[in-house]
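What follows is a structure written as structure tokens; I'll ask about it next.
For reference, chains read A, B and C in written order, and residue numbers begin at 1 within each chain.
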């Protein structure tokens, strides 16, 4: 499988937070979701790919090229969408687009205009007059207009109403019909990722928890629920975290089949959603 | 670099025009009041040198467009070069407008011909270069807060100088000494024999100052985390 | 090709897809040689992951129901008439095994079961 992004041993140190030893790959032709609670390091990873911040250690290869040594060649093929679009607000959309389009050889003016039409945006509108959702769509139009091979998005659905989110996810699915295109987007809205992602990479407190096919995760991770003191978390095979309440215990496991085999019908074993996983790993007790 | 130049122009053209429009009042005042060509040159240079960098860089912090520019397929060193070019472009426009205005303004105290000399031009560029060469690295590295940093460090340096001279028993005020030195320096530049050697030295100085500043800015910007 | 997938089923989604395609091939709804939507197209239509449809098609190909040609897509494989009949028989056999098991649990005799069968066939002709 061809990889669009290869990240190895990535490290970035901040005063109160360190992203450390992050290694994963993004295969070409698929949608990968980068999930984790706020502050987990998702945005840091995206910024390190775009070299908006300098890495302290590790390697980032995009399209087979080091993202530092071949910065312009790599970025020419990336369409980026950030959580807060960073454009001068008092300008018209067409002015912003005109300034940016010059940088991309593959910019297609007609495609851009069609996208604006599809998103119901007028080129003569002033950026600050747009709603948050429309600003995101404009960013996306810019990102798609130059036939980017990688669409990189940082929290694109945050602050969007469900209708917009649906539109955005639909658009991403349509984009992937071309198997040369890849999408990596970070989000803490797990339901969006469950809907559209092919692969999921979970980061927590600056470290990688897993990077795998979404279906594999959703088919093997589960939550064991017991009331009272029936079971201790250590007894659950594949336990990855637990949460105690006054009367019950929930244990997250990466091998629900083994848990079912072990306990049978005496406990409740549910499949874990991405939200469950995020919840247990970030809020739960990891020391099983 | 030209793409950056064009982007900076598209992003800031209205601000540039607004500033020039506002400057019209100042230029009118200057043309009306100042009867010494040399003072005119110095005042105009300082005014334009201090304001143009902010036209180009001032809006960046507000709209966080630095992240945008650094995401485009262009090296950071090229971005810095483009910012310098854009700043100088704005300076050129400012100077051109000032001179044009002076030329047509009916109440000028002296004729435009009196300032349109090669020497005046070079001195003006040199002054502007000094100002811009200090401002740009700070703003490129720290954004607008860079100016605060600059002003604060300027104050601190002044206080330090004051303390030192007092401690060393010097009776005179170091600030006055500083200003007198600057004044005599300017006078030398503006009145000294405009020999080709002198002019060439000025040109070299202009180039050197800008090159050094550019070099520092590039190094600073390459390391800046956005 | 009409397929419905649901999250509320205990079966993994790729299995649901594979099963429904199998059923349509066996019933003849999908004819031999007919082309199937690409895995990406199907994923988009069903709003599921491409990996899922890929897996479903891989299973279908392994079991001989479809053929995938590089660059051309997937097609319903020429079904060996004998094998097809065998597959159909197997499905009915499984259902009958379920019925027999259920009957045993409920205490229904073989004779009663045979009578039921006769009635059912009689009604349906």
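Some notes on this structure:
As a working rule, a residue touches a chain if its C-beta (ideal position, glycine included) is under 8 Å from a C-beta of that chain, and two chains touch if they have at least 3 such contacts.
It should be emphasised that the depicted structure is a prediction, and the values quoted were computed from it without experimental measurement.
In terms of C-beta pairs in contact, A-B outnumbers the other of A-B and A-C. With centres computed from CA atoms alone, A is the chain lying nearest the middle of all the protein shown. Chain centres were defined as the mean of their Cα atoms; on that basis the chain farthest from chain C turns out to be B.
Spacing of chain B relative to chain C, judged by their CA centroids, is 78 angstrom. Centre-to-centre separation between chain A and chain B, using Cα means, comes to 44 Å.
One inter-chain figure worth recording: chain A and chain C are separated by 35 Å, centre to centre, where each centre is the mean of the chain's CA atoms. Contact residues on chain A toward chain B in their complex (touch as defined above): 47, 50-54, 71-76, 78, 80, 82, 84, 86-91, 95, 98-100, 102-104. Residues 29-31, 173-174, 176-177, 179, 195-199, 213-215, 219 of chain A are the ones touching chain C in the complex. The touching residues of chain C, counted against chain A in their complex, run 12-14, 40-41, 43-44, 47, 49-52, 55.
Those residues of chain B that touch chain A in the complex are listed here as 3, 6-7, 10-11, 14, 59, 63-68, 70-75, 223, 225-226.
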